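See the structures that follow.
What follows is subunit A paired twice: with subunit B in the first complex and subunit C in the second.
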Partner chain A sequence: MRGALTLCLLLLAATLAALMLGPVRLSPALLWQGLSSGEGPGALVLGTIRGPRVLTALGAGAVLGLSGALFQALFRNPLAAPDIMGFTAGAGLTIIAAIALGLTLPPPLLAAGGGLVAALLVVLLSQRRGHATPPLTMILVGLGIGFIASALSSFLLTLLPHPQAAEAQRWLTGSLAARDWTHVAQVWLIGAALTALALAQLRRLAALELGEDLAAGLGLRVGRARLALAGTAVLLAAAGVAVAGPVPFIALMSGPLGARLTGAQRLQGRMLSAAGTGALVLVVADLAARAALPGIQLPAGVMTGLLGAPYLLWRLSREMEKGEL
Partner chain B sequence: MLRLLGLLALLALALVLALSVGARPVTPAVALEALRAYDPTNPDHVTLMAIRLPRLAAGLIAGGALGVAGTIMQVMTRNPLADPGLLGVNSGAAFALLIGATVLGAPDAASVALLTFPGAAMASALVFILGGGLRGDVGPVRLTLAGAALNALLLSLVTAIVLIRQDTLDMFRFWVAGSLTQAASRPLLEMALIAGAGGVFALAVAPQIEALSLGAALSRGLGTKPRRVQAAALVVVTLCTGAAVAVAGPIAFLGLMVPPLARLVAGHALRRELLASALLGAALLLFADTLGRVVMPPAEVRAGIMTALIGGPVFLWVARRLRPGATA
Partner chain C sequence: MTLDMHTGLRDRPHGGLTAERLSLGYAERPVISELSLDLPRGAMTAILGPNGCGKSTLLRAMARLLAPSAGRVLLDGEDIHRRDTRALARELAILPQSPIAPEGITVADLVKRGRTPWRGLFTPWRGEDATACAEALAAVQMTEFAERPLGELSGGQRQRAWIALVLAQAAPLLLLDEPTTYLDLVHQIDVLALLRRRNREAGLTVVSVLHDLNLAARFSDRLVLLGRDGLIATGTPWEVLTPANLQTAFGLAARVDPDPVTGTPMIIPL
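Here is the complex of A and B:
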């Protein structure tokens, strides 16, 4: 309980800081004035500049974090995450492809399609007849799918004229610049629906965490339950990618980080703290990317890359000590 | 012998295609004429000597060097997914190059290019240690993920640098996926010598590396010192990868694809494998570069993207066959 409170307070503080800090610095009083009266610099910042950006970051971070935690529980492996296994790269690829081919479809739909196809490929390609599929094989195959998706994205980038290519490049890094209320509505509505869907499946996930045999013994249709959970998790990641680009490492970090932050033991608590931590990390990363160098806006993905890569290395050395890799 | 001739024929085919195919097709006869009697007023001759020939040289250097580096890495880590690009060694070298060009300013191309070597050395040592190499068992998942993390870290740093210094944007395009298009402005001769030295050194230490690949305990019994052999392999990887990045930027997946093919041709003898890797690597990179020129004209797809498109499925094929949980 105290852990959850800490996370909420941190989220509140990060959100406030992200709204206040920037080229134009605002006091809480000015923000409040803008919120209550709809006038003054506070209203402008809240309504068009930082408000949508921060809310998009919160939503995208939350869905990515939840998606990562779902995969980690499903595979019972801390390295299983949509950003490691190529699902976010697949989601990014379809959006770049639509830009390059001149298609105008809604980004969430495109991202969902790309993510699902990538996931399907990972499942199909890591199966071999007569063998059980170890999670590590799936992770490796997923890495390969991610490599191919990134290669195809860079291939498509060469087709775009220069300014468009630079913009697409920035988007592929994961960026929250110039978001508007459509993005906010998209990620929050889709995210809320998918979160509800995920929470409804938690009992099945809890059974799966006991091991497949035990879950089957409890009367669970293991294959179907896994498929539904993985599908939900892929869609959650795609909802995040559609508004923020394939931001790296949020999904990988949020689950373990959230569990440590809140000390949550039970599945529901772990999932919610992963979502909260994802939101926290993305808002802070975006703020850091904006504030790191005056006058220059780095994409948030650069910051999560700088944070996440050392985390992944540390994680690997931990796994090594436990002898699990 | 027959197989060696086959490899040489393949390389010769790659050379001819690389010289003749492109936006301005040049027939082999004209190419020969340009080499014998160069006429600076003939546009075909100028294309050949000023553009295609340096590009060809860069392809030979980078392809051969990456083939050798990939084979050494795969044998040392006993891991079929090892590759200078995937494990971040390319990124380390290219990162050092970018730092040299932006922070120190670029006095001349050759001296900045030398920075790739410390960069490659640090990255390969780091990824080897992080992947568990010092303990003797380098799990494929661990090593590949350590490489992915290193790549992501360096890419983030580079993106930040490029956004701060807009003038380095061209460097960035070169940095992200290697390409042979800037070959004429690269220190080809110096890097050819260094890559050649790396290759010769690899041949010299091949027996020790082979002994080590039997396992640390057995190799000690045979009188090799594991740490010393690891250091020697590090030198080979550094020299070869550094030279390749200096002429062509980071080209991934070549070092992944070449070693299994080389083993197919040359069998399990490391010296012959290394020779075959150099020839195959050069031929494959030239093919990839030529393909990138014709696949969607007038745009040119960089060689590094082509090798990634070809190599990605190869990675999947190898990854499927590995049973990480079962073999470790």
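Here is the complex of A and C:
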């Protein structure tokens, strides 16, 4: 309980800081005036620039964090995450491809399609006849799929005219610049529906965590349950990618970081901690990216990359020590 | 109907778990072929045999974790693969050999998951779920450890927590794959005595794969002895554990005397 409160307070503090800090600095008084009356300089900044940006970051971070924690529980492996396994790269690729080809489909739909195709490829390519696929095999195959998707995205970028290419490049890094209320509505509505869907499946996940044999003994149709959970997790990640780009490492880091922050042991607590931590990390990363170099707005993905890469290395070394790799 | 050559059991109408000309494994490398077996309700049965004879494979198939390549497994006369998986889980529970403990999980949280087949998508946690878990914890004498993380417990306590999970599942039939492996002698006896108690007091049908012949003889009503070429014998411990059968199954020259304490067969290797 105390842990959950800590996380909520951190989220609140980060949100307020993200709303107040920037080229135009808002004092708490101006922020309050803007929030309460909808007037003054605060209202303009909140209503058109930072409000949508921060709320999009919160929503996208939360769905990415939850997605990662679901995969980690499902695969019983801390390296399992949509950003490591190529699902976010796949989601990003379809959006870039649509831009390059001049297709105008809603980004959430494109991202969902790309993420699901990447997941399908991972499943098909890692399957061996008559054997259960070890999670690590799927993770490594996913890593490969991710590289291919990123390479294809880079190739498509070269086909775009310059200003569009720069914009797309920025988005591919994971960026929250120039978000509007459509993005906010998208990520929060889709995110809420998918989160409810994920939470409804937690009992099955709790059984699956005990191993496939015991889960089957407890009455689960193991294959079907895993597929439904993995599908939900891919869609959650895609919902985040659609509004914030394939921001790296949020999904990978949020589960373990959230569990450490809140001390949650139970499955539901761990999942909600991961969502909250994902939101926190993305808001802070975006704020840091805006503030890092005066006059230059770095994409948030640069910051999460700087944070996430050392984490990934540490994780890999831990897994190697345990003999898991 | 037909008289089965191997078991001598007639196909008669009765409750329990039955293997009917069961073949397991791949066609080119069968692990079990055409095995017929009856596991009657109310009994405590141990499956014995040398390593690699397919004991665990047989148990997994009886618990529908493995689809047979031929033959059927029947529960009260009905093919278990045709039944709804959740409904079946209320009838038949299995504790696999090495279940996986999620990191940091407490005993209480683990045992709660045994209620999975009784809870629908939107069924809240009910009084009967709590009662079943409390009873299961009490049955394995782990009530005071409920809030402890599983990882901090001894091997024997951990195994009792896992057994509490399948007891909370409240199925009248419980299969266990090597429940005493990796435990020291005291805890092996502890686990078997606990299962025996549930068998006597709650009428739980228990079928387990065991290694220790003397313990199996001591704690079982019926034994199933497998050899490399299939079923060797089933019946009471005295019927099954004969020097001739031990020679066939294990290549073991042994004398079988009554255990001075319990009167059950005791194997003395020669």
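Here is the rule we go by: the second predicted complex is superposed on the first by the 325 of 325 C-alpha atoms of A that agree within 3 Å, B and C clash if a C-alpha of one lies under 4 Å from a C-alpha of the other, contacts with A are read in each partner's own complex, and residues count from 1 in each chain.
The working rule: a residue touches a chain if its C-beta (ideal position, glycine included) is under 8 Å from a C-beta of that chain, and two chains touch if they have at least 3 such contacts.
Treat the numbers as computed from the prediction; the structure is a model and nothing was measured.
Peer 1: Please indicate which partner A:E319 is in contact with in the superposed arrangement: first for subunit B, second for subunit C, both, or neither.
Peer 2: Touch partner of A:E319: subunit B, not subunit C.
Peer 1: Can you tell me whether subunit B or subunit C touches more residues on subunit A?
Peer 2: For subunit A, the partner with the higher number of touched residues is B.
Peer 1: Pick one for A:G219: touches subunit B only (first), subunit C only (second), both, or neither.
Peer 2: Once the two structures are laid over each other on A, A:G219 reaches subunit C alone.
Peer 1: If we overlay the two complexes on their shared chain A, which of subunit B and subunit C does A:L298 touch? Say first, second, both or neither.
Peer 2: In the superposed model, A:L298 contacts subunit B only, not subunit C.
Peer 1: In the overlaid three-chain picture, which partner chain does A:A207 touch, first (subunit B) or second (subunit C), both, or neither?
Peer 2: Touch status of A:A207: second partner only.
Peer 1: Applying the document's definition of touch, where does A:V123 land relative to subunit B and subunit C: first, second, both, or neither?
Peer 2: In the superposition, A:V123 touches no partner, neither subunit B nor subunit C.
Peer 1: Per the contact definition in the header, classify A:Q265: touching subunit B only (first), subunit C only (second), both, or neither.
Peer 2: Second partner only.
Peer 1: Going by the contact rule set out above, which residues of subunit A touch subunit C in the complex?
Peer 2: 73, 76, 130, 200, 203-204, 206-207, 209-211, 213-214, 216-221, 265-267
Peer 1: For the complex, give me every residue of subunit B touching subunit A.
Peer 2: Listed in rising order, the residues are 81, 86, 130-132, 135, 139-142, 144-146, 148-150, 152-153, 155-157, 159-160, 163-164, 169, 176-177, 253, 296, 299-302, 305, 308-309, 311-313, 315-316, 319-320, 322-326, 328.
Peer 1: Touching subunit B in the complex: which residues of subunit A?
Peer 2: 79, 84, 125-126, 128, 131, 134-137, 139-141, 143-145, 147-148, 150-152, 154-155, 158-159, 166, 173, 248-249, 292-293, 296-299, 301-303, 305-306, 308-310, 312-313, 316-317, 319-320, 325
Peer 1: If you look only at subunit C, which of its residues touch subunit A in the complex?
Peer 2: 26, 60, 63-65, 85-90, 92-96, 98-102, 104-106, 109-110, 113-114, 116-117, 119, 121-122, 149, 165-166, 169
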